[in-house]
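To keep things simple, chains are lettered A, B, C and D as they appear, and every chain counts its residues starting from 1.
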Amino acid sequence: MTEVVLRTERLFKSFGALKATNDVSLDLRKGEIHALIGPNGAGKSTLIQQITGHLASDSGVVELLGTPLTGLGPAQRAQLGLGRTFQISALAMEHTVLQNAVLGALGQRGTVMRFFAPVMKDKSLLAVAQEALGQVGLSAFASTRTADLSHGQRRQLEVAVALTLKPKVFLMDEPMAGLGLEGAQQMIRLLKDLRQAAPILLIEHDMDAVFALADRISVLVYGEIIATGTPEEIKVNPEIRRAYLGDEVPA
Amino acid sequence: MFLRTAVLAASTALLGAMAQADVKVGMITTLSGGGAGLGIDVRDGFMLAVKQAGRDDLEVVIEDDQRKPDVAVQLADKMIQSEKVDVLTGIIWSNLAMAVVPAATAQGKFYLSPNAGPSPLAGKGCHPNYFNVAWQNDNLHEAAGAYANDAGLKNSFILAPNYPAGKDALTGYKRLFGGELAGELYTKLGQTDYAAEIAQIRASGADSVYFFLPGGMGISFLKQYAASGVDLPLVGPAFSFDQGILQAVGDAAMGVKNTSQWNKDIDNAANAAFVETFQAEYGRLPSLYASQGFDTANLLFSAMDKADVADADAFRAALKAAEFDSVRGDFAFGDNHHPIQDIYVREVIKEGDLFTNKIIATGLSDHADAYAAECKM
Amino acid sequence: MTTLLFIEQLLNGLQFGVMLFLMSAGLTLVFGVMGLINLAHGSLYMIGAFAAAAVAAATGSFLLALMASLAAASLAGALIELTIIRRLYDRDHLDQVLATFALILIFSEGTRWLFGSFPLFLDVPAALSGPVTLPGGIQYPAYRLTIILVGLAVAVGMFALINRTRVGIRIRAGEADREMIAALGVDIAKLYTFVFALGAALAGFAGALVGAIQSVQVGMGEPVLILAFVVIVIGGIGSIKGAFVGALLVGLTDTLGRFLLPQMFGLILEPSAAVSVGSALASMLIYILMAVVLIFRPRGLYGVA
Amino acid sequence: MTRESWTNFAALAVLAGVPLWAYVADEPFIITLATRAAIFALAGVGLNLALGLGGLVSLGHAAFFGIGGYAMGILASHAQAYAPMAEWPFLIEGTKSMPVIWLVAVIASALAALAIGALSLRTSGVYFIMITLAFGQMIYYFAISWPAYGGEDGLSIYVRNGFPGLNTLDPIQFFGLCFVILCGVLVLMRAVQNSAFGLALSAARQNETRVLSVGMMPYRLRLVAFVISGAITGLAGALFADLNRFVSPTMLSWQMSGEIMIFIIIGGVGRLFGPVIGAMVFILLEHTLGGLSEFWHVYLGALLLGIVLFAKGGVIGAIAGREKAHD
């Protein structure tokens, strides 16, 4: 069995009476894309936030390469190698595209408390940032103000910033959302390449993308994982067809 | 800030033809913001005297300090450096005086204080060019202490805001008061609710209350005290019973004894004329502060009549002689250039619809201040 | 004797707290519903006091004066809401701070322009002047007792308004989700004007009530405003309940601190040093209280995370 | 050069040129006014790091301004009275040397900013505004009621403190000193804006989540910014106290905090030179409006309101346009 990079074990989180995540255990293995699907409100975003440390878990453990992350905040988890993209773009809108990428490279290097050297002339940071922009195809927009990017380009920039962190895993929250057909195709190609750099835990509503990309799929319903398997297994799982997928499953 | 750069040439119509004015006076006082009432009174009193004197050898520049020490310092710099004044005056507040006076006198200017008299300027920090025409800060409080003895009060509860003038006030009262203290309290500066203090007064077993709470603080205290049902006799300095604020205190102030070096019923010709002309000019009764402004101007004129301001020694001697008709009656300067004067005890009364004061006794006669001995000049 | 004094001080703290609640309620409501920080709330307090003093002087009736304070403050509130404040809802807090700071300058100097630099007179109505004797032999000013009762009544009224009426439901909905309430077909602009004027009226009412036992003067609102800020930071911004609890906490802490601290220091220091150290510390006490609350609950006692 | 750089350059030229002209024309008071503008500008540059770059709306910066002032007042008053500040555990003497005073002012206000910031930055938005205001008030009341250094009366220093090789009592020389410090701090701030720290701080203002998810702690960035900001404002406070040869609690009042903020808004938020131009305009307004009416605050208020509502970019925004984006 291939190496497990990220693992959650028996995660719980309740908001009052609502059990947002209920005993969630899953793993992410080297080189794979593991998709997490489920209806709205199933607890997918809560789970991601528990993994990144934005939300404290009621109980359970998140482990990265065997090391438990308990007690660490989002910044520390990012430093340890959790690269994340957001459902709603979280970018410094007034900064240029390149500045956003440099910010990621800077975070990865961990030398933010430098007060005098001009950061945009730091060759090693620029190299990392430009490489990441190149990978997502944004090199031409390096000096564009982020607020002036199209929606799809912002999605790409999110991925680029995550790349600059040289993460051990990617956590991607609906990277296809709002992309047109072509944009989605582009993103699918990008993610296919990325999984070699680091495995991807992918939350996605676009079922075409999920079935095109995922090596494994977990289905989350009412905070519980009701099944995990290869796309083929999931497609034919009658329980899932009933509970969630219905007739939307691509034939 | 440079509010109303009113260059008032106090002169007759002949002015245009005249040569440059001989004495230039810079008045820095509080004309806007909180406490503007006091500065306006000092200015009006001063300018009334200027108008009555009709001198053509005088020029007055008036500026507003907004009760901010840093602004006052800037204005003093401006008056000394740009306006090239000979004499400065006008400051109301001790903290502003402390900021301005030492530097101004050190630069050879005369300073005539129409209101503030902080103790350092009377004692170790006295200066030959500094003349205080009003009082040393402790004076009225000392008189109150003396009055308390005369009135047979034995056990006072005393309170003042927690700032230097407040501490001076209580020190001044204690200096001459022979009885016991039932309690001593320092309140927050600008405090407006005195319920807690009044409760302590009620519980203290005192036979009298002495308080120094200038401005709005005094108004609040008096109203709340009147409503509390505590009926111990109150004594205070004139500042809380002045013409300007008395109407805002209302009935709560009736009958309260307070100490002052001036009142409108002091019986002399200069005072009668002052009260009458002030009312005619401005449509209100003059206050303590107006009287001080008026005296300051007249002191200045008496010196101008005798000496040239360019001859500093002669001018200083002329000021020291204080040969002018003070609205307070007898007036003289001590060796530290602070007044030696009578301080009266007044009682708040009602004349028609108007609250005002009446003198009921003399608290201290020919009283000098306690710091004169420390002054070496 | 000491117990009686202590109880009297508790009443004083309660009265101070109740006044602070009237100030804080409007401030916290305006923030909760419209997301606006209003530094000019203290000016509305001042407007209430001045209106009351002017009407009392003209008519001699305290009741009319109180009504005038409500009318003037709510009118002034509605006016600035319609002309200026509503342009600020979508702005960042910096703009709100600066614009309302500018309003303070205008109101303060404008009032001085109209009424002059001397304090105005406003007296306690004759029926309430003097003390009443409470059970246990405590003498307490009738007017202050009235303030406590009126303030508590207003607090009950506010809770009822927020929790029981249709306007209250709308206000709460507005706190939760602005778009939702617009979708419900409520005229949001009118609701905002109403809430702002309501807050202004409470502040003006407080100004008039307090003006009768303090002095009615320009600049009287700002010290109270800052205390009200402390109250709602402690209570949790947006929460009426928090404002109430915070106001009583601040009122009691301040009053008892002023009373007890100098005495406590008197046990270890000589009297005059005790008085000055005690008073210095007492003047900082509520800020220390605020810091302590913040350490344990950064969003205040009843704040939403 | 861009239009904004031209504007900045022109502002500095005016700020330096006016006192030079006044020196020739023997108008020493104009020099004093220019010095005041330079010092206010410095205080604003300090606040602008927290406010413009970091998005921290601090309404308590007068605390640091005043602490800087008191550092000067306390040190100089001890030197003036030849009374050491402490004899145990080791002798600490007062001083009348500006460099030493500045160092103490910077350290003292930085420590205060560290304490206040550490608590206040646990919150954000409107809580932060109110809490900084409240802490400012706390220090204000402390200064008023603490008797040792003059309380409400403040502290007077009779002779301006000295700087090696200069006669600081000469208005033009003291102006020169303040101007050089202002320029030095501006150069420093430009570097900080373009540094790794500046990039991250500014990003934290725009999107806190983003900064967290690249492994940085916004709290730490803001705290550092707040401390530097407080230290610069404290340095300005020490200079201001030396300009007036006087320090009092008014420097700590919340109106002072408001005024420092006004400099920034008049000039343009987040612009390096915003506070410089803002302070110059403010002094000019004081001078001209103040001469027109006793109630000039009404006009100042109306003007401020106009800028906030209709001309968000301030003076620089009006002249140079939207070169740098701001929200």
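Convention: a residue touches a chain if its C-beta (ideal position, glycine included) is under 8 Å from a C-beta of that chain, and two chains touch if they have at least 3 such contacts.
On a predicted model such as this, the values are computed, not experimentally measured, just so you know.
> Taking touch as defined above, what minimum step count separates chain A and chain C?
2
> Pick out whichever of the two, B-D or B-C, is joined by more C-beta pairs in contact.
Of the two interfaces, B-C and B-D, more C-beta pairs touch across B-C.
> Could you grab the centroid distance between chain B and chain D? Build each centroid from C-alpha atoms only and quote it in angstrom.
36
> Could you put a whole-Å number on the gap between the CA centroids of chain A and chain B?
A distance of 75 Å separates the two centres.
> Using mean CA coordinates as chain centres, what's the gap between chain A and chain D in Å?
Distance between chain centres, rounded to whole Å: 44 Å.
> Residues of chain C that contact two or more other chains, please.
Residues 109, 112, 276, 279-280, 283.
> Going through chain A residue by residue, note those that touch at least 2 other chains and give them in order.
In chain A, no residue touches at least two other chains, as defined above.
> For chain B, which residues are shared contacts with two or more other chains?
Where chain B meets two or more other chains at a single residue, that happens at 32, 162, 167, 186, 188.
> Which chains touch, pair by pair?
Applying the touch criterion to every chain pair yields A-D, B-C, B-D, C-D.
> Given the complex with chain B, which residues does chain C contribute to the contact?
Against chain B, the touching part of chain C is residues 1-2, 4-5, 8-9, 12-13, 15-16, 109, 112, 116-121, 123-124, 129-131, 139, 141-144, 210, 212-220, 223, 255, 258-259, 262, 271-272, 275-276, 279-280, 282-283.
> For chain C, which residues count as touching chain D in their complex?
31, 35, 37, 84, 87, 91-95, 97-99, 101-106, 108-110, 112-113, 222, 226, 229-230, 232-233, 237, 276, 279-280, 283-284, 287-288, 290-291, 294-295, 298-300
> Which stretch or stretches of chain B touch chain D in the complex?
Interface residues on the chain B side: 1-5, 31-32, 64, 68-70, 73-74, 77-78, 81-82, 94-95, 98-99, 102-103, 106, 118, 162-165, 167, 186, 188-189.
> Residues of chain D touching chain B in their complex?
Listed in rising order, the residues of chain D that touch chain B are 27-30, 32-33, 36, 141, 144-145, 147, 150-154, 156, 158, 171, 240, 244-246, 248, 250-251, 286-287, 290-291, 293-297.
> Show which residues of chain A lie in contact with chain D when the two form their complex.
52, 54, 73-76, 78-79, 84, 86, 90-95, 99-100, 102-104, 106-108, 110-120, 122, 145, 147, 161, 164-165
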